[in-house]
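Letters are used for the chains, namely A, B, C and D, taken in the order the chains are written, and counting of residues starts over at 1 for each.
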């Protein structure tokens, strides 16, 4: 398939590479040229403006946030210039309000919008083992399913409304960050009575919490491993913000998300914005005066 | 082995039955006689006073809380009357302060105290599939290990200090209740944008949260299944209280536990104290005005 | 002085009337014509477009929020069309981000921007007894001081940067709503032990809390007086949102504001959005199962 | 009148001195003898055991907390030994559960219990300007009213049940500590946009918050004045704990008190337990990375 690929950040790069390897033709665009050149070496075609990527059959976008997506796809004129029948596969984590707005703009432009945010970090993007939540017009999804199969280990369909995929991504990230805070608090408490963090993590991940969320972050918190961020505190704060913002028009109180917001701000104020999210759990321990 | 077994509530009954089946001799005591009679039919020997159970080699206690344990084991004179060298295997969920006090009283009485709180509800107690956290004198633990093997699928050693096992139980329950609240909030948010609760649960338990805590409570919350409590809201409130109280002398802030406390009180004030803990997650949805 | 007056809502109406009574010439604009006609009867001149009000020496704006202010003053072209040397006295409660943006736009347009948000409800607007916080170019403030003296009982200068006045308004409203929540919680607790709400209010407003914030809202909560809103829950939620949003770029955790946000959302979800803010305090009592 | 006075701490000393000055005969008891000697120089009679103070017509107790009061008045045998018709005026801040228990013990002993906790710090105790909340048998209150008039500027009657006075003290302290947190958060926010703390305090204490709670603590927070504690963080944490504990049996959620508890624990963990409560407000500022 001929695919426009917009956004070659830490996630996008691995994804685009996998599509190339699977034999697809890629028209790539990225703000910085370094990533573009690396993809070109692997067979991609460079474009100088997002509009040039919109001549493909499918455009995949994987940009940082609402603001960047708005600038690159909408204000650039790319969406408006796209040929009728194009499918846009939006794979970034975006706010529900912006996805809703995008849905309307795409309808006007005659472009089919699929929201397909992904779960997993760089390594899973590279190995094509992401989990992908997908929502949008069913016919369009069927057409891009082969691409999703290249990018992820499993696709989770959430119906026709792109907003559904967006909110699911946001709600799940809120749960992940809650799990980190809860683990940190539980470790702070048990450590204060002499339980070794490692014993605690072995126990919980061997019993009630034997799941990736805890197996990834539990040992990191126990080892105070906050460098080499796969998922930074600052991004975590952004995602919690997306949850709180999404809850507002629908009057959904989110007391855990509120606590997370304040604790993340506290950590960012201490200069830990670029640290790994595990630092949130470590803060819970430090806040009690323990090392 | 000759075992005194004190406390034949919903958990204790199944545990005592398994010990009988494994060929041990049981001297049982319980406040209400109904449970005693049922065990006697299976071969146990009834006692009329806790003291009579303390003539065994090992006494297992599985009482409701600190207060009942204090009344039945200490104020009754049972502990003081026990023969030297007795091992007391305390398997209930008790406060760290009380376990510490018990440790001192046992030392004075020449009794070895092992704290061995269990994870799992009635069905796992009956099938001998509990997870058991154990801490106490190593020699004593070695002696009761065959009993722990009958009662549980796995024993998790946490060192010499009984308080370690107690705090680990409390900290883990706090995490479990946090997981329920987080799931409820995430469902409230995603439902408000049209995502079906079942789809949400399938996704999270199929990816980041593929663990018992979520697999048990996620579907219950999705189905608003709050009757037939394995673990009641009132008990959940008690356990969160144990966590907060444990944190106080060690100056451990627990913001998630604080939110849980307030939300559990809110639910209890609404008359849901005897409902299943899943009701906490359901409240998160109802609080947003959704059914 | 010749004054353009934009926004004749419940507050603006009383303020404009006072300026007319003090002998000033008013060019008024409002979205709905009813309020305009009422002012015209008192001697004001109606305008059909905001631009027509910008021919005055001073323009006072008192619009609902950022969005309305942006539409009416900026997107309408009014600001851009204004004559050089004009002073714009912005008296609404606006976000710090928008006031900062306005400051830049005004500088470009050669208009002096003064932020002068007011404290007090309709009755104080009508009686000219508002408290006014003011920040902006000192020379400009000196020129409009006679107007501020007509509108308020006291002007509180906060320096040259309009943002200072904006944040002070937001921070003070956050404190006011915190006082309402704290009073509600304290009443819930004392009532549950038999203390009459009136006795409680008499005590606190006669001792440690003998201040308007408590004297206005204490009795309202005690009497469950939530109709006839001077300050609605929905507006309270908006203002708490302004505080949280203002805190974000500066990494200021605001745990009380977070609690307020969730409790206000809860009340709005229950359909109390148009009730008086006192309803927040009443919710604290109801949440405990008390009437 | 012949008065037994138990507890000559920082508050009790000034109170006892005022009673002596007013011509009453005092039988004083205190754990450390230093304070006793100082009172004896002013004309008091020293006792060597609390029981000796219980021969008076009225006993006033002003001890640190539940535990000390239980030891000194109950476990010492003093209450049980008291002559029939004695009035016990309990002026300390005690838990509602303990006051309820005391009420029963006093009834059994034929002693009339009046709870009369006081508001104000050392200086007001010395100048006889305390505010006193009083609840108990009306006849007994009438008899001690002259003493209350010596000790305080005003007495606030709260009915027959001593628990009412106790909970009112606890609820009001919770409000005071909430006011400190709210002020700290508001200052953190406004300071981050350049508003001087002093300007902020002048404004709020000149308008909506012109009350002692804010006039005492606002300037202290602004000046980072956390030494020379009139009311320490540790005592504040104790009082918030009393509120939370009082709320539990009555199912009263107290989300603000929960936040206070965690923030006070955080400050105590940082070693600020003996600092003035103003340190709680200062923490709110520091948590945002500001000095």
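Methods note: a residue touches a chain if its C-beta (ideal position, glycine included) is under 8 Å from a C-beta of that chain, and two chains touch if they have at least 3 such contacts.
This is a predicted model, so every value here is computed, not measured.
Student: Any chains in contact with both subunit C and subunit D?
Tutor: Intersection of subunit C and subunit D contact lists gives A, B.
Student: What is the chain whose Cα centroid lies farthest from the Cα centroid of subunit A?
Tutor: Chain centre farthest from subunit A's centre: D.
Student: Superimpose the Cα trace of subunit A on the Cα trace of subunit D, which carries the same sequence, then give the rotation angle to the nearest 5°.
Tutor: My answer is 180 degrees for the C-alpha fit.
Student: Same or different for subunit B and subunit C, where same means more than half of the interface numbers show up on both copies?
Tutor: Shared-number fraction above one half, so same.
Student: Compute the distance, rounded to whole Å, between the mean C-alpha positions of subunit B and subunit C.
Tutor: The mean C-alpha positions of subunit B and subunit C differ by 52 Å.
Student: Between subunit A and subunit C, tell me the centre distance in angstrom, where each centre is the average of that chain's C-alpha atoms.
Tutor: That pair's centroid distance is 38 Å.
Student: By residue number and range, which residues of subunit B touch two or more other chains?
Tutor: 247, 251-255, 259, 263, 265-266, 269, 287-289 - these are the residues of subunit B that touch more than one other chain.
Student: What residues of subunit C sit close enough to touch subunit D in their complex?
Tutor: 96, 119, 131, 133, 154, 156, 158-159, 161, 163-164, 166-168, 170-172, 174-176, 178-179, 181-183, 185-190, 192-195, 199-200, 202-204, 206-214, 243, 246-247, 250-257, 259, 263, 284, 287-289
Student: Would you tell me which residues of subunit D are touching subunit A in their complex?
Tutor: Checking each residue of subunit D against subunit A gives 255, 265-266, 269-271, 287-289.
Student: With touch defined as at the start, can you tell me which subunit C residues reach subunit A in the complex?
Tutor: The contact residues of subunit C facing subunit A are 241, 244, 247-248, 251-255, 258-259, 261-263, 265-266, 268-269.
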